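The structures come next, written out as structure tokens.
Next, two complexes with chain A in common: one pairs it with chain B, the other with chain C.
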Partner chain A sequence: MRRWLPILLIIALMTAGTLPAAEKELKVGFVYVSPIGDAGWSYAHDLGRQHIAALPGVQTAYVEAVPEGADAERVILNMARKNFDVIFATSFGYMDPMLKVAKQFPKTVFMHCSGFKLHQNMGNYFGRMYQARYLSGMVAGAMTQKKILGYVAAFPIPEVIRGINAFTLGAQAVAPDVQVRVVWTKTWYDPATEKEAAKSLLDVGADVIAQHQDSPGPQEAAQEAGAYAIGYNSDMTAFAPKAHLVAPVWNWGPFYEQIANEVRDGSWKSRSDWYGMEKGIVALSPMTDLVPRTVQDMVLAKKAEIVAGTATVFKGPVSDQTGTLRIAAGESASDEALLGMNWFVQGVVGTTE
Partner chain B sequence: MRLRVTKRQEPLGWGACLVFFGALAFSLAVSAALLALQGKPAFIGIRLLFEGAFGSRWALEDCLLKAVPIFLCALGVAVAFRLQIWNLGAEGQFALGAIGASWAALTFPALPGSYLLPLMFLAAALAGGLWGLVPAVLKLGLRVNEIIVTLMLNYIGILILEYKVYGAWKDPGSFGFPMTREFPAAAIVGNIGATRLNWGLLVCLGCGAAIALFLDRTRLGYELKASGENIRAARYARLPYGRLVLLVMALSGALAGWAGCLEASGSLHRLQPTIMAGYGYTAIVVAWLARLNPLNIGIAALLLAGLRVGVENLQLDLQVPAAFGQIMEGLILLTVLAGNFFKDYRLRWREPDDA
Partner chain C sequence: MTPELTIALLAAAVQSGTPILYATLGEIFTERAGVLNLGVEGIMLIGALAGFIVAKTTGVPVYGLLAGGLCGALLAAVHGLVCLVFQGNQVVSGLALTILGTGLSSFWGTAFIGQRTVGFEKLPLPLLSEIPVLGEIFFQHDPLIYLSYLLAPLMWAFLRYTRWGLGLRAVGETPAAAAAAGLRVLAYRWAGVLVGGVLMGFGGAYLSLAYTHLWTNGLSAGRGWIAVALVIFTFWRPGRAILGAYLFGGVMAFQLRLQAMGTTLPSSLLLMLPYGLTIAVLVFSSWRGRGSEAPAALGVNIEPRE
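Showing the complex of A and B:
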């Protein structure tokens, strides 16, 4: 008997994990493009996942650091085969792979973040991050001495360009002659590259660094140079307490809860959701003590207007870098124009290529 | 009593297989221990890994599909390594191959598949092959080190790819996102029956067999191997070293180019920056694991693909971090390469009176 004991133990161990769950739970899967430890984009989505994982009857799982392209298709397919009820794919490059899988699994709900394609069982969603970027731009405009702001940006795609434009408009609302210098890193998450990019901006005189990056690299560079910094994705104060002013942040929890509930009670319909600060998907982190009280009050007042819908970020007259009028006086940019935005507003130094 | 290391006089033969699988088992055991340290069920974890990689028809398909580009790139660099030409540029050659294939698909969208697909393969081989020839010419003409040139050309190749997809080739309907139009149906390598696999698998088998025959059965292949063993002796024997360098680099580039072509045509159906998944670098690892032998490259590519696919399954079911997969990969590589030591050397206990 004794010699069989280890084998029995092994068999017991192997079967322990495969016991069926007691009741039918909603299985929700998440696909992330970077590790969740990044304090950035994927981290923010994972906070949303943790929010719904705490709900009764919801079971969540994620796969992190999934490259966009052929690998993503396999990961999403694997989740669909394992009978997940809802799958959230949180990077633009997952759009086509997800659509392919969605067509094969009509009973599964697929949700794609930041894209534009729809299918009967695939919806897409995003947040109007540009609203919070505008507010962070106001903070930057109020804090800069040299009237030069640095912006470390990932890729020249509409989402990022829109953010830079909103940030610039916000800064100009406070300091009309301000200049926003843009450097493209062509990475989403590469702490060393992003830190170097921030240093290059500091070298040309920028005294506030903003970022559309998932790592806190630019924050650290700003602190080392004694400049200010504006974070992104989540509150990045901890990484640069002497530099960090504020951060436009994501808050996905309530949205994920809403979708989970819709799928559970069968009311979910394929659609594009593009919510802003009014729904709380996009928020502004608390401003640190480095920002004077008067500036904080001014920004919060504007925030209240945006939340109430009485203020719009992209409201004419807005001209591009060449001086051509892009949004006529009194008009607001349509969602379509925002989603395809590929030009910089006047005051941005850099190219969209 | 102490250990003594002696060189083996006879090759190990089947024992080499034993060493390989022993090393594999050792690294898996360490991985299991690491899982247990994280408080995860170790045996279930290893089982999930195998299930995800080879445990079902689906898993096998996924695994083979993933192995295709790795295999082609590794085959290419192995040919160059045989001549002791250190081609680290498979990544860039892969990019150029994808660009060449996309050029054909986007320029002649109206051609029928029987013309368009061969044209895409030709364009991919030409683009990748010429990209491979650049460091070869620089090496022969100016004695520039090929390690540095091939590595640097990777960055340039990827930048050319980005230049095209962010610029002239950008799909006007993509809301400004960097991607070309979807290829016409004639430019897409078809799937084999109802599987997820495409006919690119056949290209792999053909290339593998052709390279194996070339190395073992042709005079040029013999000259290549001989020159690789000892360049000075080869020169003394008047072997055409310069021409061989050009040949292996062009061949290497063309094979990586085909991998790029198959990824664009078979998997993504368009060109986009995310096509660059690092296969060119993985290829170097695979080529060394396989000791530059074409058949072994097939096995190693499949095993590595299986590991990467299986780790995703492990991640999903046990929620271990993605970095765990990389740790496992590193462990396996380290133990297998260290295991190679035992193929050439043996350990013996040395009796005290022996000395």
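Showing the complex of A and C:
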């Protein structure tokens, strides 16, 4: 009997080794910069998390309101130690902390949103939000009467500047003489300041307010002034039913599902993903009844072109505020140019400082 | 700047100055009784959150306001307990209160981020709002702003003309003499701390019930600290608090409007304005040598008598 024991053991181990593979749950962790209730950025990511949590064999966890910097490193490190298979960090400032942890845990997959650093086990991803912003700009251009649009913006970084430019080009496609006025708040989520910023734009004559902010403060301001508003991140209709026209929104679910599947079957490779409307990561919320049918049809037709790849947002000729030609006629801006964009197109009133 | 824009700016100055005005009046009242409360920022946050939650659950904005005041007073009572009962250091206790208030409001408030509450809406006053210029600047706001118009003169009259007001000032200037005159010094100080807490709580509730109808962690964004600095600028006078608060509100509103008008100045520079002004105001106050107008016994604990 004794002689047989090791053999039995080996057989048992071999069969056991094949079985759990099917049962092993994929552990996916998320790190958010703000609370998920913000109806904004983190909320959108959390909808993506819920999407994959509903899939069989996937277990998710998240930590919200994690400040960028040292705290982020601690949270990411904790997740890595707890044997998470994939960790998504969804704020720009998590880039360096994540890279540091990624080097210590080569078997874990790290995914960083909105940054640019890569490692063999760390990829980054983002969405071409500017495509949806262009479409929302078309809506604004069609709805404005005074030909002045207000844009409450967070920080003068390429992501935001790109969005303002795309919004402006979209508005100009419908109303060529429209101007877009920009106010910087230097906040992502500060309802009081952002509402006041929107009011200042309304005071100078803007009758449609757009925002690159996570709080619905600007929506409130627009509704109180009887103007229109364009949301961001998620459908913000509930905050200003009498003002809200449309919102460029994030839809991370399909992308997170794709990454989860790649990690599970081992096909994941470190890379930079920058998907747009064609993958459905970036979308346009349904337009409200305030937008006339004809305008809706026009915008949806353009959307179809963008999804099909037959239309590009940054297509020459495009000049900057000083009139200098930045994108020549017939050319399209390269991804590098888009990622480093630090100038406003003609028609924007404001500075990039 | 066109006349319409100037009027809009001044109206915005009144509105964005109002939360600061409430907090400044609260701090003046507390300091007049000889207690320095540096916890304004924390009390405002608790007031804002309490106001938000109660208004949201009951659907009655006034209950929210009262809850904001009550919770402001409760947090201020912690300061009273430390400084008036246990003779703790007022500066340290006040700073701790700010940290406590900020932490507690985030702890309880995170679940409420992204929700909307009912609140005070604009209510133009009949007749008064039709006065050209002045009506637009002062009388087309929400009821809490009108309340603040009454509060400052009331506090001024209270401090100047009533027995209790005189008692409160005496306790802040020379508690020993006040005690010798038969005043219940500790009771006055408690009143100063608690009433001040109510007003700071109102200031916070103004942010979540009228200025916006939203809550976020750290909603007060430094307004409590501006109020502390403003008390020095106003030389502890309620009347001047109106001037100071609107000045700050005006600067906050002005920099955004400068941007909206299309200035070429960098926005970072403009955003510094309110804080730069805070420093300038403090320098100005001490240069004028009026720091000595502070209540003489400000920050000095009263030793209990045997």
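Just so we're on the same page, the second predicted complex is superposed on the first by the 330 of 353 C-alpha atoms of A that agree within 3 Å, B and C clash if a C-alpha of one lies under 4 Å from a C-alpha of the other, contacts with A are read in each partner's own complex, and residues count from 1 in each chain.
FYI, contacts are C-beta pairs under 8 Å (C-beta built on N, C-alpha and C of every residue); 3 or more make two chains touch, one makes a residue touch a chain.
Remember, predicted model here, so these are calculated numbers, not experimental data.
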Clash or fit, chain B versus chain C on superposed chain A: clash
Partner chain(s) touched by A:P67 [first = chain B, second = chain C, both, neither]: first
First, second, both or neither for A:M111, with chain B first and chain C second: neither
Which of chain B and chain C A:V75 touches, first, second, both or neither: first
Touched partner set for A:A333, first chain B, second chain C, both or neither: neither
Touched partner set for A:V282, first chain B, second chain C, both or neither: neither
Touching partner for A:E224 - first (chain B), second (chain C), both, neither: second
Which superposed partner A:V349 touches (first chain B, second chain C, both, neither): second
Footprint overlap on chain A, where chain B in one structure and chain C in the other make contact: 35, 37, 64-65, 156, 186, 353
Complex contact set, residues of chain C against chain A: 5, 8-9, 12, 16, 106, 110-116, 122, 207, 211-214, 216-217, 219, 221, 252-253, 256-257, 259-268, 271
Chain B to chain A touching residues, read off their complex: 41, 43-44, 47, 52, 58, 62, 65-66, 162, 166-167, 175-178, 263, 267-270, 272, 274-275, 277, 309, 312-313, 315-317, 319, 321-323
Complex contact set, residues of chain A against chain C: 34-35, 37-40, 43, 64-65, 150, 156, 181-186, 189-193, 195-197, 199-201, 203-204, 206, 215-217, 220, 224, 238-239, 349-351, 353
Touching residues (chain side chain A, partner chain B) in the complex: 10, 13-14, 16-18, 29, 35-37, 61-71, 73-75, 77-79, 81-82, 92-93, 96, 116, 155-158, 161, 186, 339-342, 353
